[in-house]
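Each of the next two complexes has chain A plus one other chain: chain B in the first, chain C in the second.
For the complex of A and B:
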């Protein structure tokens, strides 16, 4: 009797496994073809000197990787990525929280603010890139025109190596702040109405409620927003490629734009692969470490 | 007592005024570039240069739009629609397939497979770019919109499986048990019980992924080359080459590429906001 039961259970498990395999197959196959195989292939190609066209690439071992370690341009790009990352987190998330808090406290009548603030999210990065190349243009751009109205001269934000990266970071903030606003609005809906009511009964005003109750409760939301912003900044590409192409000089060069230009403009695909591989390793390391740190201190509410 | 109460109310009123002023400034910053785009798209080529960027257009002149639409704008648009529809259908179907066993079955590799799929979320597409470029050439897909389907589906699998799995986990077990007693097998269970119940999750995902695919740039730019085979985000690129000195023209191209999103926003604002924040559950 018992044996029969366990046989039946075994048969059932086998059946479950079979169905699971069938249902998982399409996803697994596509991931293997378009993600896992390409990652391995990129590392393989990084061992060759190859222009992407010739049929017999030259094997050069770890030369590309040795070059990568000493490549000032790559490390400049990496540092630019880090700057974008830090400033994105410091600008976009606090602004997003502030906007969400305004929407939350002002109630229904603030919906119009939420709608208007969301507008930048409707545009693609490419469209934003083009729009701001014109909006920040030295002649006839928004900033230049304002400066002229105030009696100043033309302002060339994107052409100046000192300001270009910060101009780009500003545009990125313009694009993504609405996302973190919506994100934090969603976070607020998880903070229940009762918590707010209870704190009001206890005599807390809105400021105390925000700093001592809402903000700590929003912590998980803020944490994952920071991770999102971090990973996003490290692989940033579209907007910068369109707006500055990494220039002037390498003042706005990012790892991704550098990799792209090496591979598809200079057709140095061997070295381009090494750069892509380096970028992959750095991003994976940074995200692993950050997640370890953030999740290590898990707190329950 | 009365005095402090009044003082507090006063203080709170002042902070509301300040907050509202800041909020209005944020609104101006958010929409100014947008208005700059729409306003200048109606201007003539020289009107913008002579009158400045802040002047209202002399008249509502659709000449720029007419010229753009008479170019091959529609072929870009159509390409984007085809790629979007095909990729999205495949993506949603196979992500739902995968999420079903991951959310509701007990089997040995469940946790492992799920972890591997979800870990793919932070992978930069750049590491896949060169091999996929070569692959599309080998398969003779290069420079056709069909080259885009595979990458568009694959790159959006991780987040889709992540969201759908957590969605399906919330479907109550009792419904499944009732259906099992009625003699419903696992495969039929998916199509007749789980899939219909996952509809709200699927519609959120459709918006999230749809917006991503509609705006996708790097694969479109790398895997296609000729004008007739490119998608909408690249249209701006082509028009820019053609009309580089004619800013109002570029502004009308930009406005046209954003138009579908604006229409969607007007008619399904709540859904769109919710859908675009779906990525919010990441991490």
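For the complex of A and C:
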């Protein structure tokens, strides 16, 4: 009797495994083809001196990587990425929380804001890029027009190496803040109604509720939002490519735009791959360290 | 429990995002090298010769379709480039047909590189000659055409400068198509009359004109320098008028240097002009593709525009009435410089067709390209405002400005292809970046020259 049962269990287990394998197979195959294999390929190609089209790449070992470490342009680009990352987290997430809180507190009446604020998220990055290139134009752009109304001169934001990066960061914030708003709105739904009612009964006003109850409960949401924003900023490409192309000079060059230029415009696929590999390592490292720090502290409510 | 779930979710999301990034970077690279492996095996089986066609999929057996990539997506470019294809498909006895695949100019180069790296290189494709074309040739994506030129009797038809720009390592690798473009200055004739200005013959006269326009509240030069190559034309013209072409050619060969006096002069002059307000405000953020330079001309808030002479077509198709107001002069000589002022910067035969096929297919493709120098094609080109790069172009052209440009081209002692096309792409990038920074006054000419030279030396050292 017992033996039969265990046989049955074994058979069932086997079946489950087989079904699991069948269901997982498409995902695993796609992951391998489109993610794992290209990553390995990138690292392999980075060992070659190759223009991307010729049939005989020359193996040069770690020369590309040695060059990468000394490449001023790459580290400038990395620094720019770090600036984008820090400012994105500092601007987008607090704004997102503020907007979500407003929407949450104002209830149904605020649906119109929810919709309006979400619109930037629905637009394609390239369209946003073009839109803002015009809005920030020195002649006849919005900023310049306002400045002239106030008696100032034209303002050249994108053409000035000192301000171009910050102008782009502002546009990135415009695009992505709504995403963090929605993210936090979702976070709020996780905070149960009872907690709010209990705090009201205990005599907390809305402000106290936000600072002492809602915000701590939103912490996990904020943490993952921060990680999302961080990784997103480090691999950022499209708006910069459309708005400045990395210029003026290399003042808005990011790792991804640099990689693209090297690989496809300058016929330097080998080194471009080394840059891609460098990006991969740097982003992974930063993400791992941050996640360690953020998740290391044990807190419970 | 909830917290744990959140943590796992965050980790998963972060991991996917990092990975998908690498996939973006890697996918193209990876795909490319995979294809290159195929190329290696194929070429090995053909003896591994450098010039074996790297043509995997479109192998000629039984396949009678020739794919042809070019940038003729709209307007005059489309008309002129399509013409040869239509004529060929109508008249040919070769049994082949040509499939025309036009691509948007801006992304054309990248698309071509990706196609080549993944073994999908078209049988015929156009390029701007220079550095990138040499890369294609070195990588085995173009065939030498001297024999076919003889067979079809094309050599005598084209201007020598056009053939020179289609040549690499003393062999012809491309067929010029539909235009002659020189860097020159377009100006508003009405405006010059109104303010009693003469067409300048020297740079100091040019500066006097600029000062006079400036006084009237008009921006002397319309320039949109976001794409960088537009501003680079000023640099190229100034350097060529100061020192001729020898310093440039020597620097490219590694015998001279980009820190030479003439490049220094060009940089200093540009910065002097920026400081004097000869260029529009925010020049480095204005976009050429969006027409922000020509708009200044149309609004008549700018008096002159230095650019490639394809602008004749742009002006005349945008507004024939405005085109009436336009005059043209070649970049004036520099006072006290003995450099040959007939030298021009530009391209003779703009858009060069190269071929990635062999045997009968190559012959058929070449036959197609030969229609670009047929009488019908030349008439069409002239009609749509282009200058055919053939010796008899002068007989066909009646338009005053176009005639002037053609004369400048035929009288030029030599024509230097645009730096950003001619130089190896990595060096060109450094030149464009530093030149734009000079316009932004964030880099001094000596520093720019140093970086330019370093990039060139690095390239030559790797060679």
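Things worth noting here:
To be clear about the criterion, the second predicted complex is superposed on the first by the 300 of 301 C-alpha atoms of A that agree within 3 Å, B and C clash if a C-alpha of one lies under 4 Å from a C-alpha of the other, contacts with A are read in each partner's own complex, and residues count from 1 in each chain.
Here is the rule we use: a residue touches a chain if its C-beta (ideal position, glycine included) is under 8 Å from a C-beta of that chain, and two chains touch if they have at least 3 such contacts.
Here the structure is a predicted model, which means the values were calculated and not measured.
Touch criterion met: A:55 reaches chain C, while chain B stays clear of it. Judged by the touch definition given at the top, the superposed model places A:248 against chain C, while chain B stays out of reach. Shared-chain residue A:37: touches chain B and chain C both. With both structures placed on the common chain, the touch criterion links A:190 to chain C but leaves chain B unconnected. Within the superposed three-chain model, A:96 lies out of touch with both chain B and chain C [touch as defined at top].
In the overlay built on the shared chain, the residue A:287 is in contact with chain B and with chain C. Once the two complexes are laid over each other on the shared chain, residue contacts for A:158 go to chain C alone; chain B is not touched. With both structures placed on the common chain, the touch criterion links A:266 to chain C but leaves chain B unconnected. Looking at the shared chain after the overlay, A:131 reaches chain B, while chain C stays out of its contact range. The intersection of chain A residues touching chain B with those touching chain C, taken from the two complexes, comprises 34-35, 37-39, 41-42, 45, 52, 223-224, 227-228, 231, 234-235, 237, 256, 259, 263-264, 269, 272-273, 276, 279-280, 283-284, 287, 291. Interface residues of chain C facing chain A in the complex, by the touch rule stated above, are 2-3, 6-7, 9-11, 13-15, 17-34, 36, 39-40, 42-43, 54, 109-110, 113-114, 116-117, 121, 132, 135-136, 138-141, 225-228, 280-287, 290, 292, 424-426, 429, 433-434, 436-437, 440, 442-443, 462. The residues of chain A lying in touch with chain B in their complex are 13, 15-17, 19-20, 23-24, 26-28, 30-31, 33-35, 37-39, 41-42, 45, 52, 95, 98-99, 102, 110, 113-127, 130-132, 134-135, 140-142, 145, 174, 178-179, 182-183, 186, 205-207, 223-225, 227-228, 231, 234-235, 237-238, 242, 255-256, 259-260, 263-264, 269, 272-273, 276-277, 279-280, 283-284, 287, 291. Of all residues in chain B, only 8, 12, 15, 19, 22-23, 26-27, 29-34, 36-37, 48-49, 52-54, 94-95, 97-98, 100-102, 105-108, 110, 113, 117, 120, 122-135, 150-151, 153-155, 157, 161, 186-187, 190, 214-215, 217-218, 222, 233-234, 236-237, 240, 247, 250-251, 254, 257-258, 261-262, 265, 269, 273, 276-277, 279-283 touch chain A in the complex they form.
Contacts from chain A toward chain C in the complex involve residues 34-35, 37-42, 44-45, 48-57, 133, 136-139, 153-154, 156-161, 164, 190, 220-221, 223-224, 227-228, 231-232, 234-235, 237, 244-245, 247-250, 256, 259, 261, 263-269, 272-273, 276, 279-280, 283-284, 287, 291, 295, 299-300.
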